[in-house]
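Each of the two complexes below includes chain A, the first together with chain B, the second together with chain C.
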Partner chain A sequence: MNKVFAIVRYEYKMQLGRISTWGILLAVSAIALLDNFPSTRNLARLEFLVQPAYFVYRTMCLDVLIISFGLLFLLSGRIPADNKTGCKALFMAAPISRSQYIWGKLFGGFTYTLTVISIFLILNTGIYAVFTPIEADAGAYLTPLIKTLIIGGIPVSFFISFLAVTLPAMMDIRLFYLLTAVLFFLNAGSVGSAEAQPFYLVTSGDLIKLIWQHPRFPFTNIWSIAANLTFLTGCGLLSCVLLIMKRKFWRAE
Partner chain B sequence: MKRLLFEQKIIGNNLTWISIAFVGVLTLLAFLCGGLLNLSCIGFEVMAPFFAAIAVGECGRTRADANFDIIASQGRSLFSWVLLRFTTVFLTVGIFTFIGMVIVLFIRNEMPLGEMVLLYIAPAFLLSTLCTLCGFCFAQEHLATMICGIIWIVTMLTGSLLRYTGPGYVYLFIRYAGDPNGVWLINKVILSGLSLVLWAVIYLLCGKRVALNRR
Partner chain C sequence: MNAIEISHLTKKYSNGVMALEDISFTVGGGIFGLLGHNGAGKTTLMKAIVTILRPSCGTISVCGFDTKKQGDNVRSLIGYLPQELSMYPSLSVFDFVSYMAALKGVPDTKKIQEVLNQVGMQGVSKRKIGRLSGGMKRRVGIAQALIGDPQVLIIDEPTTGLDPEERVRFRGVLSRFAKDGRTVLLSTHIVEDAYQLCDQLAVLRKGRLFYNGSAENLLQKVNGKIKLVRLRNEEQLIALQEQAMVISTAYENGGLTARIMDEKSAFLQAEPVTATLEDAYIYCMGGKSHE
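On to the complex of A and B.
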């Protein structure tokens, strides 16, 4: 178990230390604030922006989608890079097993993604709390934020990190980018609705409706929420199982 | 031509296979997606340009190429190498995208072939050029593709900005967004012009890099 933690620690520290991580975080924060900053014009444009829960919900739906797409690129080269630089041969020479290596990479990617998404949501909610003209207690901000991190942040981080780490190790990275581009295109093109949404939406699926709902159109379709959650966690687990089962991936054991 | 073939050899067969798969998916979609979807627009104005950018970012690497410093200091011209690598990848993807256009035209007949080419060429040229520029500026792999990917998805999410007149002139996927002001042809000309400006920047950066290496 110590070996898995060692890989997780290395992956986490190395990824968080990259300038590109902070570059993308700041760039997407700027985009998010342009859209959601509680200015007079934005408050007039967006009916529910006065509610902190709506702000967090909107940031999760639209802006976390952008940051997830960016993180996907940063995470996708982790295993192919080890192949290219010869690090994989070094790992193989060490007394670690295939599963320890894979779990280390996966949990390293997961903690990194969750950290970036958490920092992004906390930073934006903090700025919103400081500049909003509406008076509310700390609980009004903290409750939706914690709910979003648990309900949305964890499954989305799981999906993004597991897919981005495992699939490029099994297929050409350009094909992986193309496939994810199609998925994100479908996500970006989807229009929010009070009806059940397609299960394949990453950040704007029905699962996120547990954070905030339109007061006039309450959403009660439990099956649709379950389908969205199953898609996010199922795809992550499936990709991981496929890599563990791939015999050619590691030395003959 | 000989150098083009050399570059093709360096890039390898994977790009060709992925391009064939892309055409295959387009063909499948042309048969399966219903009449509500304008595949010619979505496929060739939105998806294909990003595919071209991915190909240029991942296959047409410059700074991330292990031999970059040797080429920069000893090659005849750094700019011509960058341009040649770009042309090889862009042409390869372009040929397969054109085949895709012909197939979609025969199956669905949504718009003339020339219009599809016009829809594709400007955003593809701009995104690929941006990818080349980022690939030249940053040595980290996948970063160029990531920057283009972010721009691509942000553009899609900001379609509502077209309610103002100005953004319509530089919006990447104007026809996909409905072209409310009827400026798509001007938009394509402006996008192509922007791409040429980016190429001028790449030319200047190449000159600076060569001068730095020879000092």
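On to the complex of A and C.
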């Protein structure tokens, strides 16, 4: 277990140490503020922007989608990079098992993705709280924020990190980029709708509607939420199982 | 007990390439050199010893542990430096060695500092790996291999691309390691390194073991057979290549001097010279003209 923690620790440290991580965070924060900053113009444009829960929901649907795919691209080279740099040979010659290596890489990616998404949501909600003209107590910001991190942040981080770490180890990375680009545009075309959403949406499926619901569509479809959650976690787990089962991935034992 | 025992080792890849064929030799304490040109099978053999590759036939034992059946024991006894190792550029030297130390179950900061001292990297331990020179990166590579006090060090082409100063430093690190009875298996195609460091040698040629023994015995094989032949032009050189193994040529005073292997003592007029390990190596490899 200590060896898994060691891999998690250094994967996390390496990813957070990359300038591109912070570049993506700042760039997407700027986009989020342009769209959601509680200025007079934005408040007039967006009917529900006066509600902190709506702000967090909107940030999760649209801006977390962009940052998630940015992180997905950063994480996607982890295992191919080990092959390229010769580090995979070091791992295989060390007294660690295939599952320790894979779980270490996966949870390193997961904790990194969750950290960046959490920082992004906290930072933007903080800016909103400081500049909004509406008076609200701390609970009005904290409750949707915590809800978003649990309901949205964890499954989305799980989906993004597991797919980004495992799939490029099993397929051509260019095909992976193509597939994720398709998924991104499918998602980007459906963000923020009040109507029932397809299960394959990453940050704007019916699961995310648990954070905030449109007053004219106050319906909760449990099956749709379950399907969305199953898609996010199931894809992550399936990709992980496929990698664990892949022959010729590790030393022959 | 021998540190490494290789018996009838064969490795055939799934694409049909026979990388190693019926290799048998033993490695005791000290520094053992594995020589051979690119593609001779050195890296495949090393990967099989460190348990990354599974042999098609034959056995390898490291300190008495079978690499197929007791892989975990073998991995806990070895330090390995692969040929291509560029590591993680965003990690510091200390973090990278600590990472590898944690994988070997040695989370001791003092031990990490010790190995960094051994390779002369203590002063730059906080520097990012991406900002190191090629020689410094190789030193970090050897530091991670030394962590955990391994009994056997497997080093694949460690000095390729290093400047002479770094090569001398590298030799010093390996000599100190092997001083107290531990084993270094060093693969190289730089004969000078093998000559300076190794007590025993094995030469691989096209996946087969061509020679196994001491450097002195290898030299004996070619002693008295190396000669210098003075030539006037390239036509004479071409003609000479038909009759003898030409090891090297040098252009001087408007003519040519060819260093040849005169196995059958056919060139009586040629000037005999002292053989070097490089001559012996080229002889093992089948000669320059045959490459």
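Just so we're on the same page, the second predicted complex is superposed on the first by the 248 of 253 C-alpha atoms of A that agree within 3 Å, B and C clash if a C-alpha of one lies under 4 Å from a C-alpha of the other, contacts with A are read in each partner's own complex, and residues count from 1 in each chain.
Here, a contact is a pair of C-beta atoms (placed from the backbone, for glycine too) under 8 Å apart; a residue touches a chain by one contact, two chains touch by 3 or more.
Remember, predicted model here, so these are calculated numbers, not experimental data.
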Partner chain in contact with A:24 - chain B first, chain C second, else both or neither: first
Chain B versus chain C as contact partner of A:90, first or second or both or neither: second
Which of chain B and chain C A:210 touches, first, second, both or neither: neither
First, second, both or neither for A:119, with chain B first and chain C second: neither
Contacts of A:196 with chain B and chain C, given as first, second, both or neither: neither
Touching partner for A:14 - first (chain B), second (chain C), both, neither: second
Touched partner set for A:184, first chain B, second chain C, both or neither: first
On chain A, the residue positions that both chain B and chain C contact, one per complex: 18
Residue ranges of chain A in contact with chain C within the complex: 2-3, 6-7, 9-10, 13-14, 17-18, 84-87, 89-96, 251-253
Touch list for chain B against partner chain A, complex: 14-15, 17-18, 21-22, 46-47, 50-51, 54-55, 58-59, 140-143, 145-146, 149-150, 152-154, 156-157
Residue ranges of chain A touching chain B (in the complex, touch as defined): 18, 20, 24, 27-28, 31, 62, 65-66, 69-70, 73-74, 76-77, 81, 172-175, 177-178, 181-182, 184-185, 188-189
Partner chain A, residues of chain C touching it in the complex: 47, 50-54, 71-72, 75-76, 78, 80, 82-88, 90-91, 95, 98-100, 102-105, 107, 144, 154
